[in-house]
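Both complexes below contain chain A, partnered by chain B and then by chain C.
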Partner chain A sequence: MSRAETGPGSLYHRLTVYVLFLILLLPLAGTLLYSIATSWSASILPSGLTFKWYIALWSDPRFLTAFGQSLLVCVGALLLSVVLILPLLFVVHYHFPRLDALMNILILLPFAVPPVVSSVGLLQLYGSGPMAMVGTPWILIGCYFTVALPFMYRAITNNLQAINLRDLMDAAQLLGANTWQAAFLVVLPNLRKGLMIALLLSFSFLFGEFVFANLLVGTRYETLQVYLNNMRNSSGHFNSALVISYFFFVLVMTWAANRLNKDKA
Partner chain B sequence: MSFVSVEHLQKNYASTPVFSDINCRIERGEFVTLLGPSGCGKSTLLRCIAGLTPVNSGKILLDGQDLVPLSPQKRGIGMVFQSYALFPNMTVEQNIAFGLRMQKVNGDDSHKRTAEVLALVELQEFAKRYPHQLSGGQSQRVALARSLVTRPRLLLLDEPLSALDARIRKHLREQIRQIQRELGLTTIFVTHDQEEALTMSDRIFLMNQGRIVQSGDAETLYTAPVDVFAAGFIGNYNLLDAQSASRLLQRPITSRLAIRPEAIELGLNGELDGEVRSHTLLGNVIRYRVQARGVELIVDVLNRSAADLHPNGQRVSLSIDPSALREVA
Partner chain C sequence: MNSFTRGKWLALLCLLPFAVFFIIFQIAPLAWVMINSVQSESGWGLANFSKIFASKFYRQAIQFSLEISFWSSVFGILIAILGSYSLRNVDSRLRDFVNAFANMTSNFAGVPLAFAFIILLGFNGAITMMLKQSGLIEDFSIYSKTGVIILYTYFQIPLGVLLLYPAFDALREDWRESSALLGASSWQYWWHIGLPVMTPALLGTFVILLANALGAYATVYALTTGNFNVMTIRIAGLVAGDISLDPNLASALAVILVGLMTLVTVVHQWLLKRSYHVSR
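Entry: the complex of A and B
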């Protein structure tokens, strides 16, 4: 994009943006450098570069298991929330628009209670009795579902409000579509954008979640963040490699999702 | 037997009635307009006919068949919405073919019929575009084509022109009417714009507060309003109460009086003395406010030449065509 604007104002704006970027990227760049350094203690720059920490990390079966388990729990929770929230949103907005106000309060509850407090409650409820599932991935999936709820609900609601749901449904029905056909052929494809944004946001948040994972399940079903915590006494280079790998993964995911989400035409 | 006949139709929202006893008949091929202020129930009536809103009681007969128990999919009715309601994820072509796809019309036939209606609304070269690449007028023509392709028995238009700018609106108005005549399609058009109603319709149903106040052709509605509401809604009638009317005409009048502004003539030797208070140029018409015998009247005069303009404060005399006086209840 080329803009005719020049002069001190433009320079100031650009400088602000660059400084902001620098502040945000500096810790990450430091971590990256540390993760590929042979050793870096008493000098300004590392003494040598190596990939051995990455090789060690990606050949550690415990890391690979944790990575896979994190992925599984996140995808499970997101699948559950799509299957439950999409129809819920549809019903609320199409049949009971007045419930939207109530829903807006309900979806904030997972954020209103601090994770440490709610995990104590969850331990009490699901620690024993007929629903004993503390220490299994199931409780994490359920718990992550509630965490993802606000992201999913808000993003999809905004999308729904932008597409004029009622008129689209009416038009489709008058053209001979039943409710299911109208929902799948007309409404759902137009929610793709909101849905993708919601999924991405929730995924990046849940993939890095630590408090619930550590308190509810811990090492019995080790996820990525719990693994990172357990490895805190090992080499700092190793941990840096872990953080960068994790960050890179989320970055690639986001990029891929954005590519898929590009507008047709 | 009329093609469409609505009998004793009643609709409540919660416990408040929108309308309680609507009766109307529409002939095959007629273009009928439901005209009224917002909230008068005209759109609700249209949605009831389409089946998008359930009715409480009454009958809607289309070609002798009662529509009330049928779902909207089975009524054979096409509808165009104010918001266009085009499917954003489909191209113009896919939008139009959607109805045929639902009816499982085979590919070749579907393609042919889609091309036909695209030609009818003059949008052949836009077939591959997406709705967000179209202007408002084009979008509404696509919506019209989409509702025509399934060959509906009845076409409903819910304020289709209200979101468009004036020039496009006039053009599309003529195009809709022309297509409707060509296809001989029975059509119900909803609007709050009297000009649209007067220029397009075979017949107008004027609605207010859930009732059909008056029905008739444009001529009748314009020149012979049945009550104060009709006179106030259509045209720019001078509405005088009985007392002012008696003073103006110098004879006892017992009801309210409506006088069309263009039925009063401004001249120099009429029977009524008055004084110009102000004037507004509307283009081809100049609208004067004239005070006569303590009554303020609106008078419309054709704008023939600038030399004829009466300045504010000028003494004029008025003559009122007695046949244009309407006593309204």
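Entry: the complex of A and C
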């Protein structure tokens, strides 16, 4: 690509990239500015700057509760995903490689069926009766497992292929390890970094999940996104501080994942 | 041999917890929706579907869903094509930075995105006021169909860049040089070489964007507090609204939505098979 860096085309490409960047940046930058403005209407720049909206937000107990509950649900869902998906991947790739084709079809389901559609069934099935879960964080943890599944499955599969699972297992067993020892002491440590990246990225999109949270649980166990939606009638500045705080948190997660990814390469 | 089969059985046992959770949270709800879409007060049958297609209101919801998905995918993919092609042709520092930024903004969707747009482009939004004062626009509402399309386009762009950027790998720089040496204009190069090679990736991306927009709910719900008539809003309203709950009708509408998404995917596959260069 280096040859493209000079010549008349180069200016055009730079400009296009800057415009793309600006388009993506504008809503965020506007919200950021709004969140630190004392008041802002009908002028290019706000009239004064302040941090009072952030102070108000971070001292609101309802916000802190929602933030904590979001964290709990996401971490719970990711733990469940790891516990369910790691053994699955190991068994599929080590014992039944032909199941991988079936799995690749099954993991399309969470993509192909929008959360709104699943919610219709979930509300009716688990609204009452022996498995009543609607209104509790447990149903969210289960649903978030399905949301994270396609991404986690693909990411860890790529990792397993990169470390040559079969050779690694054979080598460990040749040296006297049994299957469990080989899986936990040899394969798992080799997957650590890839798993961390998959978890961080999954976390960043689970943290922003709204549909399941609002339809299945709502205010009975308020998560951050539901809280944000319920605060729609408060000050726009307050809401901006909320949006920016949320996005900053997600930014740190994705940034960490990016860093890990670079170290790996 | 005995221990070998025991190992296999143990391995299968490890799959059990996954299967149980996947059935409870993915398969069972979908099955419930499928079964109940063909059930109504009058028993089994297609009553729910005929009710939907007879109603102007639900037909409008389907039409709006399709229109918004189509236009936001068209605008989204156009911007993503221009952007990701240029991204390949700038120096690596700028490229990595904007790529990483696009990655991060792909998480900026749903409620926070709707709020950001309300703040900037709402009735009293800073940009709306500025544009109105400068006389560039007379009237604009982010809560209109145009507004929703703009909002959807915004969240389609990062996804489009994410999917298309690697696809430009298929274009080799020497093809462009060879065609230039043989006297082809830049336009001819794109029409006869670039575009045909890129077609599968472009179609694939377009289909994913369409499905993404068809199934979207949070953004439009947060923008209009559930007052905009698209399919996802109607489905949710029929199971979690304040009035007129009808899970069976919701199921039928949900089946139509999933059916539309499946149709798009099937058409995509069919178009792929027809395009000649895929056989390579």
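Everything below uses one rule, namely that the second predicted complex is superposed on the first by the 237 of 265 C-alpha atoms of A that agree within 3 Å, B and C clash if a C-alpha of one lies under 4 Å from a C-alpha of the other, contacts with A are read in each partner's own complex, and residues count from 1 in each chain.
Everything that follows uses one rule, which is that a contact is a pair of C-beta atoms (placed from the backbone, for glycine too) under 8 Å apart; a residue touches a chain by one contact, two chains touch by 3 or more.
Owing to the predicted nature of the structure, the values given are computational and were not obtained by experimental measurement.
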item	value
First (chain B), second (chain C), both or neither touched by A:Asn229	second
Which of chain B and chain C A:Gly121 touches, first, second, both or neither	second
Which of chain B and chain C A:Ala101 touches, first, second, both or neither	neither
Chain C versus chain B, contacts on chain A by residue	C
First (chain B), second (chain C), both or neither touched by A:Asn164	first
First, second, both or neither for A:Ser204, with chain B first and chain C second	second
Which superposed partner A:Ala172 touches (first chain B, second chain C, both, neither)	first
Touched partner set for A:Leu260, first chain B, second chain C, both or neither	neither
Partner chain(s) touched by A:Val186 [first = chain B, second = chain C, both, neither]	first
Residues of chain B that touch chain A when the two form their complex	50-52, 71-73, 75, 77-79, 81, 83, 85, 87-89, 98-99, 102-103, 130, 133, 143, 146-147, 150
In the complex, chain A residues that touch chain C	1, 3-5, 9-10, 12-14, 16-17, 19-21, 23-28, 30-31, 34, 40-44, 80, 83-85, 87-88, 90-92, 94-96, 106, 109-125, 131, 142-143, 145-146, 149, 179, 204-205, 208, 210-211, 214-215, 225, 228-229, 232, 236, 239-240, 242-243, 246-247, 250-251, 254-255, 258
For the chain C and chain A complex, residues of the former touching the latter	7-8, 11-12, 14-15, 17-18, 21-22, 24-33, 36, 79, 82-83, 85-92, 94-95, 98, 100-105, 107-113, 115-120, 124, 126-127, 129-130, 133, 154, 157-158, 161, 173, 211, 214-218, 221-222, 225, 232, 235-236, 238-240, 247, 250-251, 254, 257-258, 261-262, 265
Contact set on chain A toward chain B in their complex	163-164, 167-168, 170-178, 181, 185-186, 189-190, 192, 264-265
